[in-house]
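Following: one structure in structure tokens, then a few remarks.
Chain naming follows the written order as A, B, C and D, and within any one chain the residues start at number 1.
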Amino acid sequence: MKIQEADAKGLLLAQGLPVPGWSVARTPAEVRSAAESILADGAGRVVIKAQVLVGGRGKAGGVKLAGSAAEAEAVASAILGMSIKGITVRKVLVAAAADIVKEYYLSAVLDRAARRILLMGSAEGGVEIEQVAAERPDAIVTIHAHPHLGLGDWQARQLAFRMGLGGHLRAAVGIARGLVRTMLAYDADLVEINPLAIIRETSADGTVVERLVCLDAKVTLDDSALPRHPELEALRDLDEEDPADAEAREAGISFIRLNGTIGCMVNGAGLAMTTMDLVKRAGGEPANFLDIGGGAKSDRVAEAMRMILSDPKVNAILVNIFGGITRGDEVARGLIDARAQQLRDVPMVVRIVGTNATEAAELLRAARFETAATLDEAAARAVAAARTAGA
Amino acid sequence: MSVLIGRETRLVVQGITGREGEFHSRAMQAYGTRIVAGMTPGKGGQTALDGTVPVFDTVADAVRETGANTSCIFVPAPGAPDAILEAVGAGIGTIFCITEGIPALDMVPVVEAVRQAGARLVGPNCPGATSPGRAKVGIIPDSVHREGDVGVVSRSGTLTYEAVQAMTDAGIGQSTCVGIGGDPIIGTTFLDVLQLFAADPETRALVLIGEIGGAAEEEAAAWAAEHLADIPKAAFIAGRTAPEGKRMGHAGAIISGRAGTAASKVAALEAAGFRVAGSPTELPGLLRVAGHRG
Amino acid sequence: MKIQEADAKGLLLAQGLPVPGWSVARTPAEVRSAAESILADGAGRVVIKAQVLVGGRGKAGGVKLAGSAAEAEAVASAILGMSIKGITVRKVLVAAAADIVKEYYLSAVLDRAARRILLMGSAEGGVEIEQVAAERPDAIVTIHAHPHLGLGDWQARQLAFRMGLGGHLRAAVGIARGLVRTMLAYDADLVEINPLAIIRETSADGTVVERLVCLDAKVTLDDSALPRHPELEALRDLDEEDPADAEAREAGISFIRLNGTIGCMVNGAGLAMTTMDLVKRAGGEPANFLDIGGGAKSDRVAEAMRMILSDPKVNAILVNIFGGITRGDEVARGLIDARAQQLRDVPMVVRIVGTNATEAAELLRAARFETAATLDEAAARAVAAARTAGA
Amino acid sequence: MSVLIGRETRLVVQGITGREGEFHSRAMQAYGTRIVAGMTPGKGGQTALDGTVPVFDTVADAVRETGANTSCIFVPAPGAPDAILEAVGAGIGTIFCITEGIPALDMVPVVEAVRQAGARLVGPNCPGATSPGRAKVGIIPDSVHREGDVGVVSRSGTLTYEAVQAMTDAGIGQSTCVGIGGDPIIGTTFLDVLQLFAADPETRALVLIGEIGGAAEEEAAAWAAEHLADIPKAAFIAGRTAPEGKRMGHAGAIISGRAGTAASKVAALEAAGFRVAGSPTELPGLLRVAGHRG
């Protein structure tokens, strides 16, 4: 699960990391008032950042500076409501604009190949790390935390020295360890600070100090671990979530809406992707990825059918079930129920093999469903049906 | 012969008295797998599967009393990492963890402990393995199999059944079919299984079934290019048409950056001599083209 | 550092372990009032337990039951002020007497040989585990926690089943894990529950339930770790501590008072014990063990001398220093300072070798100290001096 | 030859810029030990010991730049476990930790990590080791030594000096003298050092200096009885007159129950063929009686 920058910063702060203050606003007026108080505290400028769960906010114009409360309000008016990669901006983060001396990159990520937590750092912060990795791999420092002992101080020091942060050793070590602590505390699979920055601050007595802080934060959480972190469920951004996604989650269904016309209902993620691939290969376009999960009962099947049909683009449906834990007859019953209730009549091709396939075939025959024996055949017929319907 | 499981398998089922554990244990037993013990804390002294299998409180007891050498875990996610460590601690050499939904960070210390003990873990969130005609550990439907000499390795569940069924329908049997699971952190990788097949004299062809995301298929392909040049090989990669940046079902299937795309995997596999199928149904034909006479 | 049962129970309770309530009293009147409130809560009897840091309280008559507040007061009068192995009882623990169904033993201890935490359990609780270990070693179940992963639930279950606690599995697992947690939280080298007991309780609605609880608790803390647990310093029992011990601790000196007449001052624990051994071998009796530690300066030496001389039995002193980190001349200066200030004149034999021994020898010669070249010789002359003084 | 350290030793001192670290590094260097590097985080690029030794920020840097193979740690207790793990992580094979006052439970995961890496840790809270005429790592005063062929192992500090001085005074030199430290959890035991001496062709006699408490002397004696029958052996046990149940200075010296008493240790050592001295000064004579011709 992705969470917003502001929420990610909240988690980092709770784990003791240095994150300069911020507030979240949903209207230009709220932004104005937040900016007023930040500027009154001595900041020269404020930064206003769109809170969306997609990358490239800066390039899209979703991050702006303002020198006065009025300017902040005007900037916020432009950002709030804008669309970034198809997502409408509904809230912004407001913070004092930092006086940045130098930017770094630091992240902790679950490294699947090494089966360990990987710390990745670079003295080239503020840009996309994928680009740095592709162009100058030597500029990236990596260290694996020990799978039992975690990240040692010595490893954090090594990382800091190699990143050129020897002058801020204690802070860098604290932040590196804090990233791993944050991962473990919330079951995150990514905790990314970009930029990690040395900023210049003027303290109350007029002296200028430099400090290493987390200026941006990105955290993604392991969905499998959410049941043991009920408090994190509140961080799910319902503003950005397709209402169908929430329904699907509730029902135990994996559902992703796509742009095609052929609705797909499959059991198993790999088989669902394969089904999409074969639809495309047969000349069609899948309308969705949908995995009903293992052992689905008829009610879940009916719910999946409702989700598919809620997309008006769908003009044909392909059901592909290879029964293992899932019983073919349960699926057939769900399809029959769903058709009895459905509002519009869309041609459907059903292929059910594996556990209780014979019973399923009988039920489907009795209910006059169109069935197919192989996946290739099912895909071809669904594509043909979609073409006829779309013509 | 076969890999991971076979006639020498003496299985203990952890969580045998649970709904799933019991259901699949019956299926395994019916297939001919020697289930020598069940384990459920607090049910030691009872029996399972109509009195045919003794149940123990601990895996250590099961090993001591029955000589179990392989474990299959159906324990729910919160207790599954502990169940794996218990199997390791009791000296079990091969552990299949069927459980899905284990948080990834829970598995990091566990796979390390398994590695240190010199044991092997398959999964978690995997369908297990079947050596047709010999033994089945896990939940792969019996009906898809046929005895033969093709080693199959896959990280999907039902897609594996689909592919294996296609082979069986075409008269091509399997030596062992291994589902390694699609979770972020798994005990046994494609590469590990290819190495096992390479050492098995009765495996004479290979089928690899991958998915978009990660670099495990590429890693396995690189090894196969060097060590498995002379054996017929076919592969299928799911997710060629999946849009970038979306998680498709389980966490394994996410494309990030260039690595892990279907194109990268297909290219790596073809470079290693795999014939890559456009549909699972093409696998048997490609194996024959590659020289397999099964 | 040893701590009292009541404090040990407090630590266990803080770690979530099931410990029935208790209070601590210093006077019979306090015991009476505690007993009144416990009996009013429905307990049939109360137990009064001497709080001393030595074993064998029960056998010494330091643990008694009472059926009424008056009886409790009387029993407390007998216990408070009694001497157990030389320690005067100054406080007692008062608790409801449990209705014990069965007693067990459970402890977590640092196993030096295995270099791991060892869990030790037995169905034979309430007696001395050393006796069980000697007589029926099979009655003891042992399990090592993993040095990196700690005690797994599976290990705790194994321990519980082998101890015959399968009927209280969840509680036993919680307690076993809690002992290890307690060790780690406070840097304890021993956490012992004896007895761990199944007790019978009648709940408010009259139903009788059985529950696994910690009836007694013994915890010893790693002295090396006390600096990072400043809150535990408050658990040091000053009632039982020789005031000289506290002084020694402050000064960085290891000091144990013994029954002989020859005061010893040595650097290093092994050499200090050796010096005592050689005094004894030469026919004398050491008055103390005293290790001035590494790199002692003259003030610490003078402090050590004051501590030795505070014992009126001391009638000769043996100083044995093998300089390594410790400089011989510093010790010599400390001895000279100490003699200038000391109240009584006790014969002293000094042997200083190693680092700066030559300078030390000159200082001592100038100050007319009696010196010896070897340890054997020093011991013999100290014993002779003590004999002369004692005659 | 010698054990643990010798002419091939290339030493990095962790904490070289601290007061103790610098003082003892000078002494080690004066003795002839090849100190190739120092390490203090944040002082990388500086030099120590009057410009003769480069200082690095990390042990990994020191190893890469200087080929250091041995480490000596003077880092204060709160940072010492981490310093040991850093040395292990940098590939150092032999690590001496002089630091005292490390909480025992901190050492439990550390010694396991050392073991897993196949490295060797001596200490903590140990005086180090000296191979007279070759190298010295730690804090044992130079003056007590003489070149020779007796291997000495001890868990005490100054008592070791006393015993070794007595040998030197009697004309008996040492191959290597190892102080293993008196803490509850240590990396290298009496047994480990006896095994090293057993494999060293230039060690032709053994002296073991023990203390009451624990069972490490007994364990070593049992092994020596089987494997070191033919070599002259002498021993000394401190604490014969210590009262039961009192901690004498460091935690190592506590008698609990019957095991760990001076009597038990003396009996075990005598049974293994050690001549047990009543005073350290008797050790040279007993070695000669046992057949040593050094």
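As a working rule, a contact is a pair of C-beta atoms (placed from the backbone, for glycine too) under 8 Å apart; a residue touches a chain by one contact, two chains touch by 3 or more.
All of these numbers come straight from a predicted model, not from anything done at the bench.
If each chain is reduced to the centroid of its CA atoms, chain A and chain C end up 56 Å from each other. For the pair chain B and chain D, the distance between C-alpha centroids works out to 50 Å.
Across the assembly, chain B contributes residues 109, 113 that each touch 2 or more other chains.
Residue positions of chain C with contacts to 2 or more other chains are 148-149.
Taken as a contact graph, the chains fit none of the simple arrangements: neither line, ring, star nor complete graph. If you check each pair of chains against the touch rule, the ones that pass are A-B, A-C, A-D, B-C, C-D. Those residues of chain D that touch chain A in the complex are listed here as 41-42, 44, 57-61, 79, 82-83, 85-86, 89, 109, 113.
Residue ranges on chain C touching chain B, taken from their complex, read 146, 148-149, 152-155, 157-158, 161, 166, 169.
Against chain A, in their complex, chain C makes its touches with residues 148-149.
Residue ranges on chain B touching chain A, taken from their complex, read 77-78, 100-109, 111-113, 127, 139-141, 143-144, 154-162, 165, 182-185, 209, 211-212, 214-216, 219, 236, 238-243, 246-253, 257-258, 278-281.
Looking at the complex, you find that chain A touches chain B at residues 110, 112-113, 115-117, 130, 133-134, 147-148, 183-184, 187, 189, 222-225, 227-228, 254, 256, 258, 266-274, 276-281, 286, 289, 291, 294, 322-326, 353-355, 374-376.
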